[in-house]
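Each of the next two complexes has chain A plus one more chain, namely chain B in the first and chain C in the second.
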Partner chain A sequence: MANFATETERRPWLPLPPWARGTLVTLSSIAVTMLGLLFVTFLIGRVMPIDPVLAIVGERATEEQYNAAYRELGLDRSLAVQFFYYVSDVLRGDFGTSLLTARDVSSDIARVFPATFELATIGILFGCILGVPLGVIAAVRRGSWIDQIARVIALVGYSMPIFWLGLMGLLLFYGILGWVGGPGRQGIFYEDMIPSVTGMILIDSLIAGDWGAFRDAFSHIVLPASLLGYYSLAYISRMTRSFMLEQLSAEYITTARVKGMSEWAVIWSHAFRNIRVQLITVIALSYANLLEGSVLTEIIFAWPGIGSYITTALLSADMNAVLGGTVVVGLVFICLNIFSDLLYKVFDPRSK
Partner chain B sequence: MSMTSQTPPSSGGQSLRQWLLSDTPTSRRQARLSALYQGWLALRQNHMAMVGLAILVVLISIALFAPLIAPHDPFVQDLANRLQPLGSEGHLLGTDSLGRDILSRLIYGARITLYIVALVALIAPVVGLLVGTISGYAGGWTDVILMRITDIFLAFPRLVLALAFVAALGAGIENAVLAISLTAWPPYARMARAETLTIRSSDYISAIRLQGAGPLRIIIKHIWPLCISSLIVRVTLDMAGIILAAAGLGFLGLGAQPPSPEWGAMISEGRRFILDHWWVATMPGLAIFAVSLAFNLLGDGLRDVLDPKDSAS
Partner chain C sequence: MKTIRTLFGSAALGLALGVTPIAGMAETPANMLVIANRIDDITTLDPAQSFEFAGADVIRNIYGKLVNFDPANLDAGYQPDLAESWTVSEDGRTITFTMREGVTFQSGNPVRAEDAAFSLKRAVILNKTPSFIITQFGFTPENVDETITVDGNTLSITTDKRYATSFVLNCLTATIGSILDEKTVMANEVDGDMGNQWLATNSAGSGPFTLASWKPKESVTLTANPGFYGGEPAMKRVIVRHVQESATQRLMLERGDVDVARDLTPSDVEGMEGVEGVEVVREMRGRLMYVSFNQKHPELSKPQVRQALKYLIDYEGMENSFLKNWYVGHQNFLPKTYLGSVDENPFSLDIEKAKALLAEAGVEGMELTVGVREAQERLEIAQSLQNTFAQAGITLNLEVGTGKQILGKYRARELDIYLGAWGPDYPDPHTNAGTFAYNPDNSDEAQATGLLAWRNSWDTGGLTEKVAAAVVEGDTEKRAEMYHDIQAQFRETAPFAVMFQLIEQAGVAEEVEGLSLGAAITAASYWNVTK
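== the complex of A and B ==
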């Protein structure tokens, strides 16, 4: 993006004020990235060894039926035309029909997405609430035992396979200790008891005023969400620490200390205030990564979210569902990236 | 640096050591070896990096001598002795659901892990280096187009993209390697481009250009060598992620296929018995953890030595 900005600065080809040109450049680069994403999924769909026509008409179709379906799918047109139709379908929210569920992929995704959203959101909350203070303390008490512990926590987080950690968590907290609910989002007793409003069970059970269902849902979500959150904790605490170290070595901090300001005020109302923007961008990025990590976590915990949806579809060669899911996850990922970029530009006075 | 305070190496090495630490190298070879040696001395100070290196050396030897070390054939099934616990007769780490020795499977699995890591470490940085240096050196539209493509790949969630690629290409180790490489090269391209941009405008490049060197020669002989050190650090730090991605694909049944003793696939097999026979899934997980931890430790140490400006601590 920086690249584009310098290009336009050199030769202003549009008679627009700088802010409008900046917005235009940002918007166009978003559009190009999204188009690129669709192009990649389109290509993946085309090089598939599975014949999409056979998947519809079946093995015993006559040649006429096969040819009719072939034309129906638009496979006789050029790749460019096919891509154009693909993009316009996606823009209308049409990802085709899932072979597995025999429903629209978009309605399937709308059904499973809230589960992933709920999981990832609780996970990121966990990561922030523990990760930010840990990073701040590690920076302030640099080299102390708590700094070493923070370092180990982060290293282990970077090195542990998430699906294995999930299994171990399930073994310990469910199998041995019995502290949490098992796999799935709800116990059998509460299954389909709560009317779906938002699709997020924690919120739906609160709306219904059913405390038993809420406790049940919470006992199911707490383990996968905290394991998922552990990965963002590792990243967030490391980044918080290095941002804080940078601030704490600045001269204004020395000045504040010389003035006799309390250490608490120096840390929280001076240093921490100045890392807020950087921190939010980091959190947005790790939220995006959490979506990805949820694919493997969901499988371990039989969590009916988009990760389970994509992988189940994958194993039964349900290509519309795989590509639809990939596009949606990709779009959310891009949006979060752009959001963190924008946040930085809007709130950090230095970037103006 | 306090290199002179080091304990001297074993007998006869003293003169070699002095030659290596000489302030006035007399040949290019001496200068290069000296730089390498000093880097090694600095790395040796970092105990955690040494632990990482030790784990990796052990892993590589295990992979090399797998047939000699493994107590059993990793593929031979023994249904009479299935799901034996840890420390049972002849099976130190127990057996899996088909009665295969878990320790032997882990030992052979080290080969698969190293194979995947080595292939990705060859493909992704080279592609990234090519794209990045061409983009940075050529500038203009070439730069814009190549960087847009890089951005598109960067914008994808890596695991999901790898899943979609494997879905299209078919499951298997080679396709998993390809899928991981396809998602791993963009950061290298970004990095190589940034380095190229700084190097391109330096005086010595202008001097070489005035002497008549073509772009190809400049890129290969004068830009690539300077990009290598930061690339190596990045590759080492990425290795952990690559191992986790490969294990994840194996776990989903999209990487190495059974009966291959790939660690991720082993976890997936053991998953069904997790509550009653926990060791079947636990042992391969520990192996993955140890190896990716080793790469992270070594990568941190290498970063401190080669690239002190990026150091987080």
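== the complex of A and C ==
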């Protein structure tokens, strides 16, 4: 009887191999998460005291024109019906037309997301390459001048308004020193010159084999990416320091030192090795935040990214654009979570 | 090292004073005009639908019209464009235009009277927001085939009654009067939309430039039309870049990466004074800043209270402080430079007089709410009103929101007081008279949401009839006189306190010549620009 019960408990609820079951569970959870996200965003958009019809017809519209646009948007239907139609359209890959750009939301997103993607990717690389070593050194040399510098860097990163730092960066590196390109993704010489393949100008210029365009695009991205990277650096370095301190005070580190291991090996092969999993979560979250788009950075640097796209859309009740943007941001978070999980399995044998 | 220190010092000083001097270090190509501007208001580039400032700038440079303004001489008023001449019938209802011969669209198709008729009929049939500029003459989708007709090379339009010819022609200079290439547009029709969707992002005009691309919130690129009948523009390419921040626009101008910066705040303009290679161009625009008082409010509907509130505004104080070089005092609904405009500004801050008027009305302290959108200058004006109203015992609460939020309530007649701006739709006095002082049916059921007088529940006290009479007056001098009278009565009785008129301040590279920003009557023109 006892054996029978155990066998029943162990029987899989779906007669599938484990990998297929795992994939199915992941996909189902993604679908439920996305549906929930869409529902909440949709609801918020509909109860906001902003009139989407006015965004299209403008202040001067007559009541007749207003009503025509109201019906055209389907706002005369109940909320449930509107949501149902919206989700069915999305499932067919149709995110609708943006009120503000008169284009398909999907084509808008295909334009603005790559801009944010390349900015965020360079930003996070900057944040990791400098932030991780800085955090490690600050932990190893706790209380030293380098730890104090790391603390100040992090403090400034946490507390300085990004728009101020952005404007100052522009003034100094672009306005006065002329080391970097100005606002926008490219100089005017290259405007519309590089065929869009990926939407990321750095990559597209390489595909086109145009080094001049690549240099130009790099000179435009380096400042906003560094600025975003600096904010990631502040967070990553503080978290790295904190994780490292915890490891460095563990008994196995003392044992390693007693055994005569070199300090380098103690720090990087033992202590750092054990914080990689935690660090992946921190970096993934930072990256996800950057991929959401940084509205202020985008405004200051005239960078047409997804952050300002969603914000402008939200303030104008352009709900198709808001929902489309939300889906993308939601997918980014989900993809990064999955990616983090995969890395856990690589770095942490226990999770296998 | 010394150089670096000097540069850091310069930056620090500049930050402190807001006047960092930056020498021009780059230059845009000699045949290219680059403009930094806020263009995120563009939602379509279809002339039958576009009704935003940035869109009007683009469309003016792409499309020809029957009559148009010459950027070199805006004061001359409308001039022949695609129509070479016109005649008016004896009853004053039919205007017959003779089309200019030998003009072609950017597609190579000839510009015909049929194209002009198609464009006007299309605007009426599509019935988008700006269509009222045309339909106010009695054109309807049902009657356009009879009222807009073609005979060979001539186009005739017949209005429902006699109007001042200047009124009709002024309206045809508006964006909606753009003449489209019928064949190209109809080749791109989808589901009977008369090319509306296609024209949102493409062009089919005969003007000096062709639309190369519009990337929303990013840039608009125009290329010169070599076949333009007025001669190919010197600027082969015009790029308008969306740059939101004034400080960023200023940096780009001073660095030489743009030729024109159009959205500079007064502090940035001040900081640019004396910068080598850059000059500031100031033009009066048509936009007026006003506050209005809802006549459904029992206290605000009293004439003495309306008067009192007009004496509780610190016009001079605001103009000389945070609005300096940005807005100029103007208390009439017709912007300066318009036919019939006047310069009389009788109101000034007078707390004692306001108190006396309030006492006369039997009002002893009250609490009001003003709706204001979250724009810097409007919030500052609202705070100034809060301060001066309080001195007469009136508590003014601010309801701050996005333009769409506040506008929704205003249109629904739900605000006590509205603080906002109004820009003319076309360069004729009726554009403002017909909204500030015209309200034929003040009932809630009328839903005349487009009329400012209706939004404030004001029955105009006889001004509606005077406005209706002025718009049909053929004698221009007499017509101007009529608007003088209307505005005199309006100033004294209306629940509107018009306060200021906008001045546009643009930073322009000194080598740029011939740029017209359009003043109060039209949009910007790039085709006369040379460098």
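One rule holds in what follows: the second predicted complex is superposed on the first by the 250 of 352 C-alpha atoms of A that agree within 3 Å, B and C clash if a C-alpha of one lies under 4 Å from a C-alpha of the other, contacts with A are read in each partner's own complex, and residues count from 1 in each chain.
Note that contacts are C-beta pairs under 8 Å (C-beta built on N, C-alpha and C of every residue); 3 or more make two chains touch, one makes a residue touch a chain.
Only a predicted model underlies this, so the values are computations on that prediction, with no experimental measurement involved.
Engineer: Considering only touches as defined above, state whether A:168 meets chain B (first), chain C (second), both or neither.
Structural biologist: both
Engineer: With the two structures laid over each other on chain A, which partner does A:291 touch: chain B (first), chain C (second), both, or neither?
Structural biologist: first
Engineer: Could you tell me if A:319 is touching chain B, chain C, both of them or neither one (first, second, both, neither)?
Structural biologist: Once the two structures are laid over each other on A, A:319 reaches chain B alone.
Engineer: Per the contact definition in the header, classify A:37: touching chain B only (first), chain C only (second), both, or neither.
Structural biologist: first
Engineer: Between chain B and chain C, whom does A:299 touch in the aligned arrangement: first, second, both, or neither?
Structural biologist: Touch status of A:299: both partners.
Engineer: Tell me the contact category for A:63 with respect to chain B and chain C: first, second, both or neither.
Structural biologist: The second partner, chain C, only.
Engineer: Contacts for A:80 in the overlay, against chain B (first) and chain C (second): which applies, first, second, both or neither?
Structural biologist: It touches nothing on chain B or chain C.
Engineer: Show me the chain A residues, by the header's touch rule, that chain B contacts in one structure and chain C contacts in the other.
Structural biologist: Correct list for chain A: 49, 167-168, 170-171, 175, 299-300, 315, 317.
Engineer: In their shared complex, at which residues does chain A touch chain C?
Structural biologist: Going through chain A, the ones touching chain C are 49-52, 54-66, 68, 98-103, 108, 111, 167-168, 170-172, 174-178, 182-184, 187-189, 191-192, 299-302, 304, 308-309, 312, 315-317.
Engineer: Per the contact definition, I'd like the list of chain A residues that touch chain B in the complex.
Structural biologist: Interface residues on chain A, with respect to chain B: 3-4, 7, 29, 32-33, 36-37, 40-41, 44-45, 47-49, 155-156, 158-165, 167-168, 170-171, 175, 238, 241-242, 288-289, 291-293, 295-296, 299-300, 310-311, 314-315, 317, 319, 322-323, 325-326, 329-330, 333-334, 337.
Engineer: Quick one: in the complex, what on chain C touches chain A?
Structural biologist: That would be residues 7-8, 10-11, 14-15, 20, 22, 25-26, 28-29, 32, 34, 40, 43-44, 51-52, 127-132, 197, 200-201, 212-213, 215-219, 221, 239, 241-245, 247-248, 251-252, 254-255, 257, 401-402, 404-405, 407-408, 411, 425, 447-450 of chain C.
Engineer: For the complex, give me every residue of chain B touching chain A.
Structural biologist: Against chain A, chain B makes touches at 143-144, 147-149, 151-153, 155-161, 163-165, 167-170, 240, 244, 247-248, 251-254, 264, 267, 271, 274-275, 278, 281-282, 284-285, 288-289, 292-293, 295-297, 312.
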